[in-house]
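You will see subunit A twice below: alongside subunit B first, and alongside subunit C after that.
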Partner chain A sequence: MRERLRRFFAASFPVDWDQLRALGAEPVPHHLKHWWWCLGGTPLYLFIVQVATGILLTLYYVPDPSGAYESVAHITRDVRFGWYIRSLHKWSATLMIAAVFLHMLRVFFTGAYRWPRQLNWCVGTALLATTLGFGFTGYSLVYEQLSFWGATVAANLVEAVPLVGHPAALLMRGGAEVSGNTLTRFFVFHIGLFPTVMLVLLFLHILLIRLHGVTEFEFPREQVAPAERTFPFWPHHATTELAIGVLLMYVLTILALTLPAGLGPKANPQVTPMHIHPEWYFYFSFRLLKLTSLRTSVYLTLALGLGLMGWPFLEDALHRWLRMPRDASVVVGVLGFGAFLVLTVWESLAG
Partner chain B sequence: MSLDAKRIVIAVLSFFFLASLLLVAWRETLKQRAEEEPKPIVTATNAACVTCHRQRSAGLVMEWEASRHAQVGVGCVECHQAREDVPGAWRHEGVVVTTLVTPTNCGRCHEKEVREFSRSHHARAGEIIYSLDNVIALKIAGTPGNPADAVNGCWQCHGSLVRFQRDAGGQIVRSGPEGRPLLAPETWPNSGMGRLNPDGSKGSCHACHSRHEFKAKLSRSPENCGKCHMGPDHPQIEIYNESKHGIAFYANRDRMALNKEGDWVLGRDYAAAPTCATCHIAGYVAVTGEIKGNSHDVGERISWTLRPIVSTKINLVRFSDGTQDDFPDTRPLPAVGATVDTTDYVVENETLVTRTVPRTVASVVPWQTRREAMQGVCRTCHDQAFVDNFYAQYDSLVTLYNEKFAVPAKQMMDDLTAEGVLDPRSPFGEPLQWTFYELWHHQGRRARHGASMMGPDYTHWHGMYEVAKTFYTEFLPEVVETAARRGRGPEWQAKVAALLARPEHLWKAGLSPEEAGALGQSYRQRYGPKSEPAAAR
Partner chain C sequence: MDGGRRSFLAAVAAGTGLFLSYGLFAAYAVSFLFPPPVRRRPRRLFLGRQTDFRPGEARALVDDRGRTLLVIADGGTLTAFDTRCPHLGCQVHWEPKEARFVCPCHLGMFDRNGVAFAGPPAAAHQALTRVPLDVDAVSGTVFLRSDA
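Then we have the complex of A and B:
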């Protein structure tokens, strides 16, 4: 019986297992043993957690102003383990965005965006933008006061973008003002558009990594024997990734237990709260808005975003035309990320 | 790190992750337990009752199942079980029960509450049988054969004297195979506060703690008291609704912790507003931080009696047998240890009789101490200056009513009775007696209650305005007319004139030229020329 089953599956799935084992055991450079090289897989893992918990939340969520807030309250209060799934979803979002930031920092400061990997850097920046879009739309779906008014402020910021701002804001809001249409759109963006874009970009990102291969790094103080210059992806690197995955689930669960997702007052279009603020990853932009004007902050944010995405090309141009040393990128990176941190912390303390 | 080391790391992390999932499951279980309605406990003793009555009186059983009693296994038998010698007891499905659950039954578990309640004015509410109100309901509005006004009106709040249907031989009429004693329909159903029960107890806990759910939330809510404490003669609920306290309550009902189990303490469990129960019964956090407990003796914190014609401060004299009496401040206080003759209203042969009972004084609580107990509640939210000034305002209103209207009016009525103008056997034979009754019993009470509970409209427009209008335009003229019909007109004309010559009544003579001028000027300034009243021109 067992032999018959084995022959059936071998014929149905004609996989060359030896080839698969060889593929899995592909040698990866020694430097991947450093933990910060797992930061690329971390957001992918957290995205899987987001998809799984997001699907569960969608079973109860009502994407309409008349029921959105109440359905979230129902999930949190009444549905079995609803509070846990919602808290996992919330914290996984935060950790995913943080992991994307850290991964980008790693790639930036190790210069892994340079030729011929410039396009992959652009794809990665687009992945960052998509992840931020996930965060923004997801938070808006809760339909609390801060959600509603945060979306209003964001739409006003988008409106100020030159040329495309007005149509983009209309597309975002589904009208002249934040309304029920906005919630429906954000829901579609969150569970339809952004996941599709994310999957396409992830496919491109991984494809480009596979095509280019992983850049080999050498650390001056590390003595690596020739035989240890590479190690097999499976099971060694995969095991590391698995360990990180289990650690992430443990951390997420502890966060869900100790700092579960809460619920503020329900959105009221007639009442503007005393303090409006976005999620933490938009603090830097919010602080910029407070320090400058609407237009200035929008232009600055756009410039920073475009500068970030185009940095490989910008660095090349600066090196070629102004003789800027490549190492100057480190200074630019430190200053840029430093400014981001300062603005973020400033906004959080000003609260 | 070697592969084996990584595997160990994964194993350890997996263990921690699984342990955290156990915590998640535990937390979810706690949450589910908190949300589930505790299931009623039907003990073997009560199982037969519940099974049968779930069909015969389904609503009653459902209410009980939702009660705290059901959660702790207190069921039908625990409350309805009676001794064979209790009037109205009968053997029902093998258990000796009584239809009436009285404070005696409740006191088996709630001893403190019953003890406090039994000495309170609530328990004595049924003793109005001897009052003018009962004369109105029984004799004036009712007939000797039909006390329906008292049955459906007064007694439903004050409590009836519960009787059984009796045959010609005076035996209790029984019905059905079990011989259930039948209660006289004019006396039951009744859940009046001071119900006089066949077992000798007074009161009905159900008056505040409605059966069969006995929800604390209900007894803490002002609407509960408003069933009885309302209307033209004691509009406490209307005054409360008008007051800032009432407004705060209705705006913040969901912050009042009305469903809280156990003690309900102002300043600890809630602070948004006081209800009737807050000030008159419930616990509060004193200025020292100590928690003062509740008391079902609703008069403990009362320093004025606003019920009689002339209000007095009331001192509390407690006797060694646990009973107590209010002594108006016009009556000398007995010393501790002294023997005092007290009047007991007791039921004998289904009739309320009075007995003079000598009692030994155990303690005296002066009205100032009672006021301090009430002020303790006020101090939870207001500072001492606020409270002192409020009491000064309140005292001044009661004094005004007393001195300007009540005392002289009562004196006149007493004098007219003494002179034979009014017949004491016919308390409502003359229009003057009705006028006087409404003056103090309705209008005067509204004014005093309004001031006591911060209801300005009741204090003035429904209160002192009507007192003044009735006094000057109806009462005084009727005094003279009534006296005149007995040939004493000129004498009483002179007495009324002498009263009106007192400084507080001099306004009747009209405004002085200066006052008229000032009044006219203010009208012209506010409303334009020729707008002043004629008297001010």
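Then we have the complex of A and C:
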């Protein structure tokens, strides 16, 4: 029976198992034995948590202004373990954004974005943008006062983008004003468009990592025998990732228990509350909007986003034409991230 | 030569077919994404009599377009403002003591005439949108013109 089953599957899936095993046993560099170098897998794990909890939440969520808030309240208060699933969704989103930031910082400050991995850096920044898009649309779906006004501000902010702003804002809002159409569209972006984009980008990101291999680091104080410079992905590194996944699930559960997802007052399109702020990852943008004119904020944000995405190429160009030393990237990174931190902390203290 | 002409014609036919089928679909799909503009007829909304408004009073109302408006009685004249901040669309609050509008989102401030004097809207020389009012000279009834 067992042999028949084996033959059935072997015939149904004509896969070269030796080749598959060889693929799984891809050598990864020694430094990945330390968990703190394994932050790249963390956003992926958290994305899986997001998908699982997101599917569950969709079973009860009503993407309509007349019922959205009530459905979230129903999930949080009445549905069995609804508060837990919603809190896991919220906290995994927050941690995912933090993990993407940390992963990008690691890649930036170790110079792992340089040739021949420039394109993968660009894919990574597109993944960051998609993650932020997930956060923004997800927050808006709750349809409480803060999320409604956050959506209004963002939709109108898009309008100020040069050339494509007006059609993009129309597309995003589903009309000239923020309305019921906007909520429906954000829902579609959140559960349909962004997951698809995310999966395509993740596939590309992982494919490029596999094709190039993980960047190898050498540490002066660490003596590694030549035979131990690499180790197989399967099962060693996969086990590390699994352990991180288990730890993350504990952390998420602790966060859900101690700081469960709350619910503010229902959205009122006629009244903006006196104290309004977006989610923490948009604090820098919110503070920038208070400090400068709309046009300046939009141009600065666009320049920062494009500069971040194209930094590997920009760095090359600056090095070639202006003889900028490669190490100057560290200064640029410290200044850029420092500005992000200052604006974020400033807004959180002012809020 | 004959084969070259045949493959050229086949390529043209295939290209035309692709363009007409998927191209047309793409054009229609993009057009589908943009909802048609809402057509509104100009209307006059009855607000009340001029004498109904006490001096210094500010009365909020929602018009037929869903806009929140604030009618301010100041020195015998009535002025109506659309309370959406011209910066990024938040609703401004009227502070009667300071006689100013404040936007809670990015701290824009507007004077009693709706002109920005602080925050990002002032930097961009913006003002609140005024909504025209019609006052009947004989009866003193006030109408809001919602064609603006």
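FYI, the second predicted complex is superposed on the first by the 329 of 351 C-alpha atoms of A that agree within 3 Å, B and C clash if a C-alpha of one lies under 4 Å from a C-alpha of the other, contacts with A are read in each partner's own complex, and residues count from 1 in each chain.
Keep in mind that, in the parts below, contacts are C-beta pairs under 8 Å (C-beta built on N, C-alpha and C of every residue); 3 or more make two chains touch, one makes a residue touch a chain.
Note that the structure is predicted; figures quoted are calculated from it, not measured.
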Exercise. Does the superposition put A:G262 against subunit B (first), subunit C (second), both, or neither?
Worked result: neither
For this session: Identify the partner contact of A:P325: answer first if only subunit B is touched, second if only subunit C is, both if each is, neither if none is.
Result: neither
For this session: State whether A:G338 touches subunit B only (first), subunit C only (second), both chains, or neither.
Result: neither
Seminar exercise, completed: The chain contacting more residues of subunit A, comparing subunit B with subunit C, is C
For this session: Answer with first, second, both or neither: which of subunit B and subunit C does A:M249 touch in the superposed model?
Result: first
Exercise. Now for A:G213: first (subunit B), second (subunit C), both, or neither, which partner does it touch?
Worked result: neither
Exercise. Is A:Q270 touching the first partner subunit B, the second partner subunit C, both, or neither of them?
Worked result: second
Exercise. In the superposed arrangement, which partner chain does A:T152 touch: subunit B (first), subunit C (second), both, or neither?
Worked result: second
Exercise. Both subunit B and subunit C contact which residues of subunit A?
Worked result: none
Exercise. Tell me, which parts of subunit C touch subunit A in their complex?
Worked result: 33-35, 37-38, 60, 62, 66, 68, 87-93, 103-107, 119-120, 123-124
Exercise. Can you list the subunit A residues touching subunit B in their complex?
Worked result: 33, 78, 80-81, 83-84, 235-236, 239-240, 242-243, 246-247, 249-250, 253-254, 256-257
Exercise. Contact residues on subunit B for subunit A in the complex?
Worked result: 1, 3, 6-7, 9-10, 13-14, 16-17, 20-21, 23-24, 27-28, 31-32, 35
Seminar exercise, completed: Residue positions on subunit A within touch of subunit C in the complex are 149, 152-153, 155-157, 167, 170-171, 174-178, 181, 269-276, 286, 289-290, 292-295, 297
